[in-house]
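Think of it as A, B, C, D and E in the order they're written, each chain with its own count starting at 1.
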Amino acid sequence: MAQPILHVTGLTMDFGGIRALNNIDLDVNEGEIVALIGPNGAGKTTFFNCVTGIYQPTKGEINVYNKHKGRQISLLGMKPNQVTQQGLARTFQNIRLFSQMTVLENVMIGRHCRTKSFIIGALLRDKRTLREEEEIIQKSHQILEKIGLTRYENEFAKNLPYGAQRRLEIARALATEPVLLLLDEPAAGMNPQETIELVSLIQEIAAEGQSILLIEHDMKLVMSLSERIFVMDYGKRIAEGTPEEIRHDPAVIKAYLGEEVDA
Amino acid sequence: AADTLKMGVVGPHSGDLASYGLPSVNAAKILVEQINAAGGINGKQIELLIEDTVCDAKTATDVATKLVSDGAQFVLGGICSGSTKAALPIYLDAGILVMSPSATNPGLTQSGDYPNFFRTIAPDDAQAQLDVDFAIDKMGYKKIAVVHDKGDYGKGFAEFAKMFIEKNGNAEVVLFEGVTPGAVDYSAIVQKIKQSGAETVMFGGYHPEASKIVTMMKKKRLDASFISDDGVKDITFIKVAGEFAEGAYASGPMDTSSNPLSKAAVEAHKKEFGSDPGAFYENAYSAVLAMANAVKVAGSTDLEALKKALQTEKVDTPVGTISFDERGDAIGVGFSVYQVQNGTFVELK
Amino acid sequence: MLKLEKVQSGYGNILAVKGISLEVNDGEIITLIGANGAGKSTTLLTISGIVPCRSGRILLKGEEIQSLESDAIVKKGVVQVPEGRHIFPQLSVQENLDMGAFMRTDPRKVKDDLDYVYSLFPILKERRHQDGGTLSGGEQQMLAMSRALMARPQLLLLDEPSMGLAPLIIKQIFEIIQKINQESNTTIFLVEQNANLALQVANRGYVLENGKITISGSAKSLLENQDIRKAYLGL
Amino acid sequence: MITFQELKRSFFISLWFVFLTFPIMVIRVDSIEKTVQWRWMNMLYVAVGAFILSLIFRYMMRRKEGQSADDDEETSTSDQHLIHRWLTVPRYRNIIYGVMLTLALVLPLVFSTYQTSIMTTALLYVVLGLGLNIVVGLAGLLDLGYVAFYAVGAYTYALLYHFFGMSFWIVLPLGGMLAAVFGILLGIPVLRLRGDYLAIVTLGFGEIIRLILENWGEFSQGPSGVSNIPRPSFFGIDMSLDTALIYIYYLMIAFVIFTIFIVNRLQNSRLGRAWVALREDEIACQAMGIDKMKTKLAAFSLGAFWAGIAGVIFAAKTTFISPRSFTFIESAIILSIVVLGGMGSIIGVIIGAMVLILLPEYLRFLSEYRMLAFGAILVCMMVFRPQGIIASVRRTYTYNKKETADGEGA
Amino acid sequence: MDYFIELLFSGLTRGSIYALIALGYTMVYGIIGLINFAHGEIYMIGAFTAFIVATILSILGFPALAIIVLAGLAAVVWSASYGYTIEKIAYKPLRHAPRLSPLISAIGMSMFLQNYVLLAQTSDFLPFPQLISDFNFMEPVAHIVGSTDLVILVTTTVVMICLTILIKYTKIGKAMRATSQDRMMAMLVGINVNRIISVTFIIGSSLAAIGGMLIASHIGQINFYIGFIAGIKAFTAAVLGGIGSIPGAVLGSVVLGLTESFATGYVSSDYEDVFAFSLLVLILIFKPSGILGKADTQKV
């Protein structure tokens, strides 16, 4: 059987007296879209933060499958940049773009972890550096094309409309060539029309085989995109299953949905 | 124009050391006014070129090139030894005489590197010798704490003092330390002096730190005497430290207060600026007199001629009747030790 | 209650609000919908006096307020829940709520209101002593809403209150909006991306496009308008 | 233009200033002689001065506001547009650079040694400013102790010459490298500090270096400093002072060009991009796979390297150094150059250095009011031009299907 | 042991001197996040005003207590006015400017004020009268703690307690904290932000004035440059304690004072500042936001 690309067991995170994550087990398989939902404050963002190395979890194991090495690699104790190097890339719930940089540059920063040149390269501008730099620009441009942001390419990120900023975050994360893409509320603050566009964008990305783990409160989006849904409340898992199962799960309805939702 | 003589006046006129630089400016202004009113030197009026160096080496060299460009013929100043050292080669290259009222670093004259340099103040080593002899031979102290202000002037003095005490052999240096100038409180160092059992404190530095230290010594009931240098022998020291200054010793040019010229100089300052003169005022006053006289005698501002005049002619100045040795130090600035008694410096014979 | 006449405002050389006129009647819920960057938030900030009004007039109960300082406007009962919540990150939840009641002078009633908002959002009571900055996104939104209620507003300006909230809470928030509108007769000016929901609770609505108002009318008529359905409701 | 309202306001402002300056400007006491001197005339000067200045101040503020209303705050004001527009067109850019270079080259032939000398000093600060610009302007690390690295460079030359007789050209790279090593040593523990905490720690480090130089007499010759440091040699030819100064001036021009070249390359590289991103948002930056520590250390040590180089040149130029040349004020001036010129902009830093270093020299005619005016001008420049004389403009990359992307920032 | 206690009290005195200035520093920093380099100059101006007024009053023959009170009052009034005016001229126009611009403006302001006093008054050191006469009951311990030291210690403690209460529990204190954390939101809850910032400058400057008077009378001399060194040290102390925190400023100052005192006493005063700054570096490495500073609670 194929290894899960993200394999989390027993993940626990305490903040002072608050247990934000309580013994979470979660796997994501290759090519899968998994949604992480739950009431506000359930610990979804905290889960992302632990997985991406921004917080160090209190307990638990986080492993990512490394294709080249053919085995699981533990992410515990890794810094965020090392985690990204291992193939996890994320977006943020509160948009965190490099606002004084252009759109293209934002994406180019995403290429950083897949390139190497440093001081010497910068000074000498040798062949390799130049080639690398060209590769960065080309790739970044292609990604922007895919996401549909080419017309903003030389605009400052902060001058973009909100929806475009959210997309740019996705573009930037994609530029790191992630094994798994983590999206934290990608549709927040978008109007229904934009959300629909976003859904098709994510579907496009997924169609290329990209595995995705996403947090979202917009049930329409969740239900139409995800193959599997993981529901948490108060840091614990309360349900896991296909959209169909979750939709009718009484625990989920009580804690989160309030009523049954239709697709 | 050819019929004016241009005198540069350099020193810190802003920043933390301004209080040592501005009195020289005042001295130059007063004297030049007098000289010009009396018809100038050899019929030529003196024009002042006053430039701020902030005692900074880089600015001092820029100022030096400026004065050279502006045609200065002789220069009063260099208040700090450091920036003076930096600027001297430039003046030397242009054949300009420089006379400092306050740069005491021995190397300035003794190294032979700066033949255009003269000064109206005794170098560190001469003063240190005097104070050490006074402390050991005259007062019979056995344990001496040597303290300085970490500065160019103070530490130079203190290092010589330490060397001379060790050479003398009859007393020991029980403490050798620097205090931080401008610090808000000196009680820790005073307690340490007390702990060291010193009978006297020999201080190298200027009057602000000295008055803080003597005040704190009295307040902390430390019964050691206090001996210091020319930078402290300043009326401001007594004013600031008030009763706490009573009994302190400081070396300085001999016999100035009874010297009529000295009195006249101080009077002139009070009249002109409405306040007592500050540090090194009399040295600056003397330097201007000496240079003016040299120009008059030499009849030109050629460096060699001026040097010759300075070395041969005796001039009456507030710091005594002086001429200069071939290295540039003043001869005749007798140094003696003063003690603060009833609010004035009294010379100890 | 509130009337905007040809109001213009913006940032630097960007004119974000290009002369809009609208009216909010006493006791009404009205909503302003529009795409991202249309200038909705700017409109609210201009009413509150944060972004200076470049031209035109803003009337509150017939009185011009466009040149008043923002604190004076708040004192007149115009309270805003800004976009992005703006919780004071290093004040505790309790202190954040206290700040909401900053200009009130009736401590006893403030106490009652505090109990009231805690009963609306029990999770906040649980987190009472936690720093506002460490709350989850949704908790912060609840706190922002509660903080505004603590001011006992006459006119409440809400900027995207449903953003980032769980479906259950969104429902709850909209119920609360209706409740305070009915119970305390608070006039509500609602800016929402979620136009569907907004139009369901509102009496009237305006559509803002590119800094200008293009369509206005009763909520019902807007819900039925084909253009709107297409552009903003995603139907 | 001036309304009655404004006159009235200015009148009250002038009254306020009369009150404000009353004790300091009017009264002077002597606590020993027990005399009081009342200088009533000063009150009049203050009143009139404040009245006029407040009118001017208000007028300028209005203009500034008006400007920002017509202009985008980012690429603010038209004159800047102009400079930048010129600089982005290669032909104009080459003309501008050419003119600047020619002017710089003929300067010593036309003007006096003094002008050459202060120009050399200003150029030295251009190098320092560009170095600090890497740290503050690009990487966003506020360093208030930059002067420490400058001191390391200067003392490296002074002491290596003093003890081992090593020559300028050998020490030059050594000084830079030693400073860079210091930068790394300091950087490893402190670079995880944020914003102003980093500022104060670097300030402390600057002071530590200075104090050690001051107190460790056996090593550094203490406060009296090291003198007789030789100027740079030119194939062993003996030079008169004037020629030597001009020679150093040309050397300095070469260094500045070299520095601009290097800094420009750094800025437009993968590393330079990472710096800017780090300045914008550290967390997002790390999440994008940038090693925060390594990137910051690179900025810090490169900045230090330049300070070290400048230090060596400084020692060679003045021939004398002492700890007094490396006080906090020096760091403050260099930082002011960067901010006033426009953070992150090379041209800005050059102009900033020229203004801030030449200004006090050209203010000499004000004699004792010189530093007063300097302080006031610093405040005014910041108030009326907060983003600096020339704000930086991010480079834009053009995407070409076949060719290598080209694009130069300002 | 005696020696230890002597040093301990030297350190405490020094520490409380730093604290008097650091408190104002930390308040201003807390509210607008600006290292106000001109704060040291406000302290210096406070000292000068107190000096001028005290001298005039003593010429007029006022009793000692009246001199202290009136001179202190005058110092407070004028320093506060300077603080208020400086904020309006040099910082307020820069509210929306890049982060470093106000810092440079502050450095310029500091230079301006130094030279202003230098020109309007004198470059010389002036003897500052000892306003606080020695208390008799202090005589037995005078070699350890002087009377002025005691007054400074007590004042610092009282000021710290008052300020803590002000910031923590009063409405204006809460408004200050709110303003410092989110200025726009502060406006939206009805806080007059400009007024709160002015008030903060006024309080901070008043503290500097009281400090100026007490410290000058402890040292016995003033000059236009005293603000600079004291200011840098006080700021270091404020950072050490955790900038923005009132008790932190005092604690940081005391730690700094004690370090310097013990370094002088047991090692060498040559390196007292080296010790002080090294301690700063060390503490910040282990506690990146100062001893009592709140860790950054930014949520991702």
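Keep this in mind: a contact is a pair of C-beta atoms (placed from the backbone, for glycine too) under 8 Å apart; a residue touches a chain by one contact, two chains touch by 3 or more.
From a predicted model like this one, the values you see are computed outputs, not experimental measurements.
Considering only chains that satisfy the touch condition with chain C, which of them also satisfy it with chain D?
Chains in contact with chain C as well as chain D: A, E.
Just grab the chain with the largest centre-to-centre distance to chain D, centres being mean Cα coordinates.
If we average the C-alpha coordinates per chain, C ends up farthest from chain D.
Max contacts between which two chains?
If you count contacting C-beta pairs, the leading pair is D-E.
Can you identify the chain nearest the overall CA centroid, using each chain's own CA centroid?
D
Go ahead and note the Å separation of the Cα centroids belonging to chain A and chain B.
Inter-chain centre distance comes to 73 Å.
When the C-alpha atoms of chain A and chain D are each averaged to a single point, how far apart are the two points in Å?
Between these chains, centre-to-centre, one finds 42 Å.
Distance from the CA centroid of chain A to that of chain E, rounded to the nearest Å?
Chain centroid spacing, chain A to chain E, equals 48 Å.
Enumerate the residues of chain E that touch no fewer than two other chains.
115, 122, 126-127, 270, 273, 300
Which residues does chain B have that touch at least 2 chains other than itself?
14-15, 150, 178, 239, 275
Considering chain D alone, which of its residues make contact with at least two other chains?
Residues 30, 32, 74, 215, 283, 368, 371 of chain D touch two or more partner chains.
Quick one: which bits of chain C touch chain A in the complex? Just the residue numbers, please.
Answer in residue numbers: 33, 35-37, 84, 123, 130, 134-139, 141-142, 160, 163-171, 193-196, 230-235.
Which residues of chain C touch chain E in the complex?
48-50, 69-71, 74-75, 79-80, 82, 86-91, 95, 98-100, 102-103, 131, 133-135, 147, 151
In the complex of these two chains, what residues of chain E are touching chain B?
3, 6-7, 9-11, 13-14, 17-18, 115, 118, 122-127, 142-144, 146, 149, 215, 218-221, 223-226, 228-230, 233, 260-262, 264-265, 268-270, 272-273
What part of chain A is in contact with chain D in the complex they form?
Going through chain A, the ones touching chain D are 52-54, 79-81, 84-85, 89-90, 92, 96-102, 104-105, 108-110, 112-115, 117-119, 121-123, 125, 129-130, 132-134, 136-138, 141, 153-154, 156, 172-173, 176.
Which positions of chain E touch chain D when the two form their complex?
29, 33, 35, 37, 45, 48-49, 51-56, 58-59, 74, 78, 81-82, 85, 89-90, 93-94, 96-98, 100-105, 107-117, 119-122, 126-129, 232, 235-236, 239, 243, 270-271, 273-274, 276-278, 280-281, 284-285, 288-290, 296, 300
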